[in-house]
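Shared between the two complexes below is subunit A, which has subunit B as its partner in the first and subunit C in the second.
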Partner chain A sequence: MSDMNTQMAERYKNNFLKEIEEQAEMGEWVKMCMQCGLCSGSCPTNFHSGWDHPPQEIFMLIRAGKREEVLNAQGMYMCTSCYNCYVRCPRKVPVTHVMHGIAEYAYRIGRAPKTQPTMHLSKTFWTNATKNGRVNEVQLTQSLYFKDGISAGIKKAMEMQSVALGLVKAGRLNLLEAVGIAHKCKDVKGIHAMLAKAKELEAKRKEAKA
Partner chain B sequence: MARKEYAFYPGCSSQKGASASNYLVSVESMCKTLDIKMTEIPDWNCCGASVSYAESGELPRIAMNARNFALAETNLPGQDIVATCAACWLGSRESKERLEHNSGLMADTQTALKEAGLQIKVIPEIKHMVEVLIEDLGYDELKKPVKKPLQGMKFAGYVGCQTNRPFGISGESFENPMYLDRLIETVGGEAVKFDQKVTCCGGALAFSEPEKAQGQIKDIIEAAYDGGAEMIVTPCPLCQANVEVYQGQINKKYGTKFDIPVLYYSQLMTLAYGGSAKEAGLNGNVVRARKLEEFAGK
Partner chain C sequence: MAETKTAAYICKGCEIGTRLDTAALVKAATKSGKMNLVREHDFLCSADGVAMIKNDIENEGVTHAALCACSRRAKTEAFNFPTIAMSRGNLREGVIWIRPDTDEARETTQEMAEDYVRMACAEVKAMTVPPGNQKTGAVKTLLVVGGGMSGMTSALEASKAGYKVVLVEKSSALGGWAAKLYKRVPTREPFKAPEDNGVADMAARIEADSNIKVYLNATIAKTDGAPGRFKVEIAVESGAIAQEDIGSIIQATGFTLYDANKLPEFGYGKSANVVDQAGLEALAKTAAAAGKPICRPSDGQPVKSVVFIQCAGQRDNSGKHLPYCSGFCCNTSIKQATYFKDSNPDIDTVVLFTDLRTPGNGEDFYRSAQNRGVVFSKGVVSQVVPNGNSCTVKFKDLILNEDTEAHADLVVLATGMVPVSGVNIDAPVVAAPVEAETAVEGEAPKEVVATIAPESILNLTYRQGPDMPQFKHGFTDSHFICFPYETRRTGIYTAGPVRRPMDIMQAQEDATGAAMKAIQAMENAGLGKAAHPRAGDLSFPTVRLEGCTQCKRCTVECPFGAIDEDEKRFPLFNESRCRRCGTCMGACPVRVISFENYSVNTVGAQIKAVDVPDEFSEKPRILILACENDAYPALDMAGMNRHAYDPYVRVIPVRCLGSVNTIWITDALNGGYDGVMLMGCKHGEDYQCHFVKGSELGRYRLSKVGDTLKGMNLETDRVKDIEVAITDMATLPQKINEYAALIKSFPPSPFKGF
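This part shows the complex of A and B:
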């Protein structure tokens, strides 16, 4: 087995805390958590279904070396980036960023759930925004609705029809964007070259740590 | 020469035909009255927003923001960058902070920028439009051009998340910021008591997990009605869209009868400064603000 998940598990042996500290953005903050639970209590999505482990629990699971539990957790994909946890944490842990960092790491090593809708949006948002340098809102919405296939997409699009119509009437939804007639940066080539280099340097940095 | 000049970062949602295009219309009208010159950063790009975290990684996301800094600095030297969108502001501020505190990250970012023929010398200050209004100008200056106070109108000032956390407006608390209420009062309106002032609208989850986000939006709108508000006012394009456009769906699901207009602070200011409904971008509201349309016509 040479997939990235196995490679990383082997490389860090039983030290999952070190794995997160070195590989996940802002992961070095995990050990600062004192388990007060203010982050979990401040989270707007904690009160909906779908949570298994809120941030406080994820921090403890990391320290306890529960690699599978953390990488299988759904909690980090529930983040709305509201920054409530971030500003309230008495230890100044940037909880929002740590959650994003763990989600990114799980995705990078192929452990993020393929059909989780916010995870899907996260991927498509970046791809969409960097394709031409600016977001194409219509194509972003389409790719999200049609992620589970054409018939599911049509059903979702029908459900959202009244919302879309309202926006079209108000001049806030340009249907031409669907066929790619949209706002674009002039130097798309430069942006792509810049991003390729950034990606390469980031991979090197992560590799050097491991 | 204008009283103040800034490098303007309008962001994707404010562009013509996009979901917050009426925000831009009203900001332009408001700035004209206040004699603020905003020059668009040439060829600016997307900030990556918060939700792109999984695919972006840290350095590519920061490089995107750094490109805007370099373009601003090169083309509009000495000017602060001003964003109207909460996410653009946050993404830029956060990138600036990390770059200024991490020389390794800065070096890598410069190497990436070189591929686009750019480099950073000094990162400009980054401000939200609201900071320009209340810090660079001040409430007294904002009040001077008021020709038609919004007398007797009741608004719920909905600050939301990202114009409030993690950076916030200097001197304001995260739990109960007062600036939006003061802006409402500055233009003659009444700011009602509103206990969901800083509650999250669901952000990007309004797209990906509408059940969760719409539950939150319902609480926000209910609280606005409970406080006696006729309209909701916000500084954030995503808060505006989320709280406005799903009212029909929420009504269907929860049996509510929501029909409350959601406006930008800049729309109120434009109207109070004597601007027309069109100049305030009222035609861009999905839930029409009839009372304000009438007011503008008088």
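This part shows the complex of A and C:
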């Protein structure tokens, strides 16, 4: 995968803006930013310690051709999809989508950090949800709890046990899901076919761009 | 005119009749006012009331009428009797509306009303009907100086309105700066692509226009006269002088770019690849003519990367360069960036800006440039280092907060506008530099800093100087806040970037407006009427020369340069240059200048007509001299809003604070008034005075009153000057009341009863 990173870097040489425009979803919007900073000011995660470059700066870094800084940045993974920036942007730049696009591109070329929690959640959720066409809540919770090792997982589980018991009593949580006996959606095959088709279309589109 | 017959009319409408004892008002007009005829009417501004006055004028021979009803600003259409002298007693806005309807207030309110009746009677007796200016010229030809976009627009617009135009252009072709442009910023939906500069079309229309006479390669050698009768000498190419009779003038002399040679840190002059915006237009024109892409001047290779530096030598607060924003250069750089992107999208095009300002529909254009892939970076350039055939632009990125650099084949500096406004007539006279002959022989001549004195543009023969007065940074003065077209020389209008920085669109709008104003000025001059802001006023200043001491204060102070000096050094009034503000009248120490309907006497008589109670009555009298343009309407509006104020004030409107002659203050204080309050417009850099300098000059004059008061052993606060804007109707009554309270805290004026 890192191979793809070098390939892309080689292919676009110094023109990182072009690379983002062609490769990242919604990347063509980066040039339309007018640097007012409303997105950064509106972002609820702005006060989170993991935040390095807010959207305005990410856009500026891309235009300045700072490939490494952008691909190493945390900003795009911090997005909670609240859509504040999207709604407020005076230039109607879909900031939320652009941030997701950049994050997805970084992941695609193998530059996304391995332990990034937001990304871990996205990945886990995706695999989990697409398998049966609906989320296996117990397994999803387990994989998140035990992400940082067994002892941390047990500790977390103990902390949350009263909530879990409440959910079980109310019939909102099926513990059998833990062993894979889970609800499926009515037409799993249909879902899988749909996802396969979507993947095919996206691949085609990316091929056309490349 | 036949024998004088005076009449007073007391209106009883709008509750005047119920709030006031009108019989007593009639008595005041008859006994103290000594009017020949006094009538009451239930509703004076009704058809019946107006017919009554008309009948009196026609059948009773009334020549002077005091209408005691509402404010002089109200019902002007009903009370329009141009054949007689007329004054107005303000009983409605000035009395009943600013006084509470209570038993305690009744007595003082009635006294106030009676005083206003007496004042109106006294004023009208001191007036005559202005006959209109007889010496005026009626030339209806417009002179346009400058054949750029603004000048051409003015000429075409005036011609369209049916007026003859003389267009004088210094260079050999029409078009000015616009002609140098490869393309201009888009003017139409969707504001995406630069347009043809449009000069050829306009020049062709001018050529085809039989109303417009064009002088190319020509300058103005001499401008003499006044609106409606200017005699202009035009120096043409051959060295000959052409004479033209002109009604009014538009100066559309435009601008030059700020000299990029003053920006050595940006590499201008060090590398051929650093150009200003005009330089780039030239490159683009050459390239387009040759059908080639834009090339580097240094080696003729196509430009692969270009950096635009905004605000080069502009918005500078260090005092070295232009302190202002020229307003057009962001759009121009965006346009120039599209020259590159449209010819080859792979050219790196970067605009370094601190604030991108895109007036008009520039925001759409800005977006279209972003869509084309022009990169806009917020940064401040510190240095441009020429480096062979390319340049390194060092700048601080303001978003990423780091010092960085960019490399470019070509650097374009957006240097901004410097107006071409001729000689600064208000600049202090500098001693002439030492002549070369006087330099000591054998010594190398001292390096003389090259300061080329600007040449005069209009070469006016006015005593006040050859060119238009300037405001800030060399732009010509115009009444920024209220009447942007009006300059300080009647009948001469400035249009386009000589007035303030602007782009072509704005300049064309400006030029159209100036053409309309210039036409209005010619027409008014032909009728002997004043131009703005007393448009239509037929009065003009007359001077009793036998009393004149040749002190020259009037010629110096006239804000509009209306007064020259004749060969015997007496003031020579050019009535059609005059705006009728009365600043000369206020300035005259011997009081020999007056208007037919506004003079030292008309106001003086009113001051004397007020009944001043003795020192034991505890009824002080405060005189308010209020500017009729802002303060008086503000007082009227205070009345309309029923904001009550002190009953001991007596308000007299004046044309301008500049027209206030100190004799009025002396008269008032000697007459036993306890205080004098002066209300004028804001002065200084953001002046609001309708006559530009009037309030400033008036205040300067009044600043000397304090010493006189001290000499008379009076409190200096007995004369107070406040700045009033037309919007102050709510706060003004409070200020009046505060001042009245202060006056009441003083002992009564010792001059009462003399």
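Please note the rule applied: the second predicted complex is superposed on the first by the 196 of 210 C-alpha atoms of A that agree within 3 Å, B and C clash if a C-alpha of one lies under 4 Å from a C-alpha of the other, contacts with A are read in each partner's own complex, and residues count from 1 in each chain.
We adopt the following convention: a residue touches a chain if its C-beta (ideal position, glycine included) is under 8 Å from a C-beta of that chain, and two chains touch if they have at least 3 such contacts.
Since we're looking at a predicted model, the values are computed, not measured.
J.: After aligning the two structures on subunit A, examine subunit B and subunit C and state clash or fit.
T.: After superposition on subunit A, subunit B vs subunit C: fit, no clash.
J.: Is A:20 touching anything from subunit B or subunit C once the two structures are fitted on A? First, second, both or neither.
T.: Neither partner.
J.: Write the angle, vertex at the C-alpha centre of subunit A, between the C-alpha centres of subunit B and subunit C, to the nearest 10 degrees.
T.: About 80 degrees between subunit B and subunit C, seen from subunit A.
J.: Between subunit B and subunit C, whom does A:9 touch in the aligned arrangement: first, second, both, or neither?
T.: Neither partner.
J.: Mind working out whether A:89 is in touch with subunit B, subunit C, both or neither, as first, second, both or neither?
T.: neither
J.: Is A:104 contacted by the first partner subunit B, the second partner subunit C, both or neither?
T.: In the superposition, A:104 touches subunit B alone.
J.: Using the touch definition from the top, say if A:57 reaches subunit B (first), subunit C (second), both or neither.
T.: The answer is second: A:57 touches subunit C but not subunit B.
J.: In the overlay, answer first, second, both or neither for which of subunit B and subunit C A:191 touches.
T.: first
J.: Report the partner of subunit A that touches more of its residues: subunit B or subunit C.
T.: Partner touching more subunit A residues in the overlay: B.
J.: Looking at the overlay, what does A:34 touch: subunit B (first), subunit C (second), both, or neither?
T.: second
J.: So after superposition, what is the minimum Cα distance from subunit B to subunit C, given in Å?
T.: 19
J.: What does subunit B use to touch subunit A in their complex?
T.: 12-13, 15-22, 43-46, 48-60, 62-64, 67, 104, 108-109, 111-118, 161-162, 165-166, 168, 174, 199-200, 202-205, 207-209, 211-213, 215-216, 241, 245-246, 248-249, 283-286
J.: Would you pull the subunit A residues touching subunit C in the complex into a rising list?
T.: Result: residues 17, 31-32, 34-35, 56-57, 60-61, 63-64, 91 of subunit A touch subunit C.
J.: Inside the complex, what are the residues of subunit C that reach subunit A?
T.: 356, 366-367, 370-371, 373, 375-378, 397, 399-400, 404
J.: Under the stated contact criterion, what part of subunit A meets subunit B in this complex?
T.: 25, 44-45, 48, 50, 78, 80-84, 86-88, 94, 96, 100-101, 103-104, 107-108, 112, 117-123, 125-127, 129-130, 133-135, 137, 140-141, 144, 159, 162-163, 166-167, 169-174, 176-177, 183, 185-187, 190-191, 193-199, 201-202, 205
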